[in-house]
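The following blocks contain the structures, represented as structure tokens.
The following pair of complexes shares a single chain, chain A, combined with chain B in the former and chain C in the latter.
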Partner chain A sequence: MRKLLGIAVVAASALVLPVPAEASWVSEHCFDDHNVVKSWKRADAKAYATVAAWEGYEYAGGCWNDNDRDDTPNAPDSFGEGPDCSGLVFKAWMLRLPKGQTGGMWWNRMENVHGSYSSTMFATAEAGWPFFVLPEKDRMTTAYMDAMARKGHIGLLYVNGGTSSGTDVIVHAKGDAYGTVISEEAYRFDTDYVAVRRRGWTADCEPQCSRPLPATPLLVRVP
Partner chain B sequence: MSIVRRKSGSRRRTARVLILLGALPALAAIWLASPGPGSAAARSAGGLGQGSTGSALARAARPALDAFYRSPVLVRAGEAVRIPVEIGCVTPQGSTCPASAALEIRGDAGWARVGAAAVAGLEFDVSAPATRAAGSALEYRIRAIGPSGASLALPARGAPLRLHVAREMDTVAMPTVPFGVIQEGDVVLDLPWGTGPRRAGLVPGEESATTGPPAFAVDGLGRIHVIDAMQGRLAVFLDGHLVRETALPLTPRSDIALGPDGVAHVVTGSTAGQPSLVATRIDEDGRAVGRAVRLGPGILSEVRDTGPGAAAHVLPLDAWVPLRTSAARGSAALSVGRPLDGGRSLLKAIVGDSVRLGIARGGHVADAVEIRSPERLGELALAERLGRGYLAVVRVWRDDPSPAAQFQVLRIAADRRIATFAVADRSYAEAMPLSRFRLGDDGHLYQLTTSPEGMRIVRFRIGG
Partner chain C sequence: MLTADLSEPPARWDLVASIPFGPAEHQLGLELPPQNTPLPYVPNSFAVGEGGVLSFLDFRKNRVAHYTADGRYVGQTTGLDGDRLHPHGTDLAPSGGRLYLLEQDNFTLSGIVRRGDGLRVGPRVPVSLPDGARPLLSRLVPGARGLVAVLNGYAGTGGHEIGTGPTGAVALLPGAGDQAVREVARPLPGIPLADGTFMGFAQETVDGRATLTHVTSGRSFSRSLQMRVVPEAGAAPFPAAVGWFAVLAVERGLGVFIMLTPAAQENVERHGGGRWYLQISAGGDPLVFERVPETRFADENVVRHVTVGADGGVYLMLVDREGVTVLRR
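== the complex of A and B ==
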């Protein structure tokens, strides 16, 4: 009887008193900090993604600093530093929780939030979601900070123009072996990829745009 | 917590246990409510990008600039020539900052500078100076200027960038190959995914890129040199057998070129763990030659042999940087064309839905040709001088009526006749975009293909 009672108490203690988890990079560094925004510009998204470049990669992750290195190398799936590919897009695009929510939210890069969307969800955007699949993915249609997405991966067009080789420059959380990088890619021409656009971009020139909006390209003639 | 056993006083004992059990939830509640490590109180929320980082970072006090542009490379005399320039300016707090862009052009009277606010869609129209430079090269530099004295130049030092203006450029129509009509080559190397000497390393992607060997090269003996980055080795195969392997600190953004002396030039970099490009030479016995050389930060595009050595094509410079080892010093001379032997360089570019190729020697361009495609063109996956003509591999693609893509191989003869065939785009795992095809030293075309089963090197005979 006493033995049984002792075992029961120990078992109950184990249930009620959780063993504290080991500290992770996320638990030791990240914190909540976000606020609603009413507008979002491609230039701001690019600046946000630029800071993320050369940081780490973490599956389902969403927290990174700005020291241009992977702070948790060779430690996958351990709540380490960095976003995954869809997490980077969620934060750079200033999307909101929960899934399907419109509007914008600025997220501190140090807040560990991945967002509600996987790369597959971005690539198969449902009606009414805050992003949509573009009908074409040629350079006349896309703009910087649009995404190239497929089942399993997504990256953001870093610049409008391509390279002399016809490739694109993409910023993406590419994987554990890479980290979050800016790299040359040919995703645009891969049949598995579609172009995806965030809804409701505010023009980069606002609130000081001339009217009508400046034509693009903006040509500067060299005599 | 202890349970005291006594032969007598069982009621008192039972009461103690019950009190303890009753206290457990309260103890648990206190435990859970206490702050764990790192769960600091929320920082004050700022506006867009103004929040505190909350960590001791080494970010510079000045804004960070970057500059990208599309190099025209090779243009026709008299045509409109534009250079798109895209400048990024980011404050230490992670916000955008205003910047300006400047294009410096060398003319007869020296350097002239034209500036503009760095806004999206900025393009410098250099048609007039390009027309004046017909038959030679137009030299230029790009500058980005930000607040607080931040500035950046492309190139950062040394020789300026160039675009070559051809007085004559043949125009030929690219023969079409219907989508799906592809040629199957001969499999010369077949490595299943896995770990081991006769395997190729793979990292399957889950919310990330699926990554396999990034590049390969083929020497004059038909040996295939594979950059097996996920297994940290350069592996050399002949007739499907492993000849030798060299352990190297590779990244999945690595490329290789083979010199005529049998030395392999390997360049790694462009990852979070290694943003600086590093060049290493490996001799025919698989041993490192000299010390690895840091080339500086950049985005590696491709590495190719140049005859006497090798060069790396680097972004955002969009130009070729000769590789130097620690044994050879001196400033690297930029080249917009891939350096070849004899002071020549191979000019190659995608311009809209055309491929442009030419040979530059100094400022003069010879053998310029434009191949116009009726289909949309993707990347120029390979361009090589072949005898007095060229070999090019370019991706063709469409969205309608259904998405389709394939690579078209173009053998352009000196008289501009084009022999062509198509090969499939088999890329289960990512490789370097411009390193999936190689013209082997044996004169055959090779392709790196991947599937869920493994990687293959496929050979295509392209004729004598």
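== the complex of A and C ==
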């Protein structure tokens, strides 16, 4: 039996970012910059998320720089710097707008886009969406840059193995007091969490995954 | 082989105290999602000291709050930080009559120990391993001989990647003056127990296997503990994700807090998961294996669910929307 949640649930509608009425960090620093990509690797997603890992947190946010500090401290909900948990995953996974769109899009971290999916949507992925809920969530099934998601939160597995304590290393936007961080968490063992995988990963080893054998064998003369 | 029966009701633990959430000083702090956090901010650790004094790492109010054994507020230790520019408190444990606070740096995962004497926390002491690397100290080990922390490899700085490096236990040695501990942690062969031996506990895989090691007089032996998860007594087991956490030193052995859930989503839907407490003797034999009470509240930010008190008793902290409840086994 699933645990009932004693927390508010992020609205299930598409999260459209409102335009700030006054000047804000977002309005003064962020800009549009994105392009379609035809492949996406877990290694690239990890590198992208790692840049975010020392930046801020902003509910429904999606724009951050790379100066390893909070540019809008003590100013929550003010169109400040940083993603929220689902926004980080949207951009790290190179997903596209609108909701349900397949394919890939690279987003500059400085483009203020949250994406069409809340954490609840990630956790209850609909058929045909560019991500899906894995049937099992043991460590034999999941891989790094898969997500652990529930109604209300989502984080990305940072490495394949677990710690010796059995926890996972997770990169996630953890709240105003934490910012976006890499931390060890026990989400895998919580019945509310499911494992979610982005569709269509290109293997990290590509294009070097397999090399053709030479047409003629090499001959080495042994003196 | 340990069997976790998901139909088993939780064992009865005795109520010690209930402390409500609220804005008043005598109440503990709570912040609910979604505006400022995706997960509730709640007290993420607790300790039970001499005379049953309850101390809570009150994350939302940037303090350690202290209560009598029956839950009356007696005061607070201030000076903690709760923003992303400073390390955050992660765990509490008493040792040698003092209360220690383990913090994790917001920008790196490492161990920074401060001493929680009196009304203000002492100065931070960044801890390194003997090779100079920053360690990922995930938890303290209440009940151990001396101040001990669990080491989970490197913190991810200075060219050392997170997920690599040595694991096990380290001793945090007393510092001089106001400095709570020395800056260099000493690796240990295991968790030091009262009788001078060491016991180690490490998870092997998530399918329910863990390794227990015991070192005494320079000799070591190890055994593997395995758990299976069944939906009800007599039924066939199914694959599960099993996490063995929060090791305690208790009664010359170890106590372990376990969280588990079926691996297959359909089994989660039908049977749910649960939390268990395991106690192991000095010889490595399971003495206690019972399901523990839990709430339906989103308590992912709680780092320490169980601890051992100064009286040697085992205590459980439950969090729900109304407040915190401490139970004693």
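Here, the second predicted complex is superposed on the first by the 189 of 223 C-alpha atoms of A that agree within 3 Å, B and C clash if a C-alpha of one lies under 4 Å from a C-alpha of the other, contacts with A are read in each partner's own complex, and residues count from 1 in each chain.
Note that in this section contacts are C-beta pairs under 8 Å (C-beta built on N, C-alpha and C of every residue); 3 or more make two chains touch, one makes a residue touch a chain.
In this text the structure is predicted, and so the values were computed from the model without any measurement.
A.B. asks: Clash or fit: chain B and chain C on chain A?
C.D. replies: With chain A as the common anchor, chain B and chain C collide in the superposed model.
A.B. asks: Once chain A of both complexes is superposed, is A:183 in touch with chain B (first), chain C (second), both, or neither?
C.D. replies: Touch partners of A:183: chain B and chain C.
A.B. asks: Just chain B (first), just chain C (second), both, or neither: which does A:199 touch?
C.D. replies: Touch partners of A:199: none, neither chain B nor chain C.
A.B. asks: Between chain B and chain C, whom does A:133 touch in the aligned arrangement: first, second, both, or neither?
C.D. replies: In the superposed model, A:133 contacts chain C only, not chain B.
A.B. asks: Between chain B (first) and chain C (second), which, if any, makes contact with A:166: first, second, both or neither?
C.D. replies: both
A.B. asks: Touch check for A:34: first (chain B), second (chain C), both, or neither?
C.D. replies: The answer is first: A:34 touches chain B but not chain C.
A.B. asks: For A:44, using the defined touch cut-off, is the partner it touches chain B, chain C, both, or neither? Pick first, second, both or neither.
C.D. replies: The answer is first: A:44 touches chain B but not chain C.
A.B. asks: By residue count, which of the two partners contacts chain A more extensively, chain B or chain C?
C.D. replies: B
A.B. asks: Applying the document's definition of touch, where does A:119 land relative to chain B and chain C: first, second, both, or neither?
C.D. replies: both
A.B. asks: If you lay the two complexes on top of each other, which residues of chain A touch chain B in one and chain C in the other?
C.D. replies: Residues 2, 5-6, 54, 56-57, 59, 68-70, 73, 84-85, 119, 136-138, 152-153, 158-159, 161-167, 169, 173-179, 181-186, 188-191 of chain A touch both chain B and chain C.
A.B. asks: Could you please specify the touching residues of chain C with respect to chain A in the complex?
C.D. replies: 32-41, 59, 82-85, 88, 104, 106-107, 109, 136, 138-139, 150-153, 156, 162-163, 167-168, 202-203, 205-207, 239-245, 259-261, 263-266, 268-269, 271-273, 296-298, 300, 320-321
A.B. asks: If you look only at chain A, which of its residues touch chain B in the complex?
C.D. replies: 2, 5-6, 9, 12-13, 16-18, 20-21, 23, 26-35, 37, 41-44, 46-48, 50-51, 54-57, 59-60, 65-70, 73, 82, 84-87, 106, 108-110, 118-119, 136-138, 143-144, 152-153, 158-167, 169, 172-186, 188-191, 204-205, 214, 216-223
A.B. asks: Please give the residue numbers of chain B that touch chain A in the complex, ascending.
C.D. replies: 1, 3, 5, 17, 20-21, 24-25, 27-28, 31-32, 36-43, 45-49, 51-55, 57-59, 64, 66, 68-73, 82, 84, 86, 88-91, 94-96, 103, 105, 112, 114, 116, 119-129, 203, 205-211, 229-230, 251-253, 270-273, 275, 299-301, 313, 315-316, 318, 348-350, 376-380, 394-395, 397, 399, 403-405, 425, 427, 433-434
A.B. asks: So in the complex, which bits of chain A are touching chain C?
C.D. replies: 1-8, 10, 54, 56-57, 59, 68-70, 73-74, 76-77, 84-85, 119, 133-141, 150, 152-153, 158-159, 161-167, 169, 173-179, 181-192, 194
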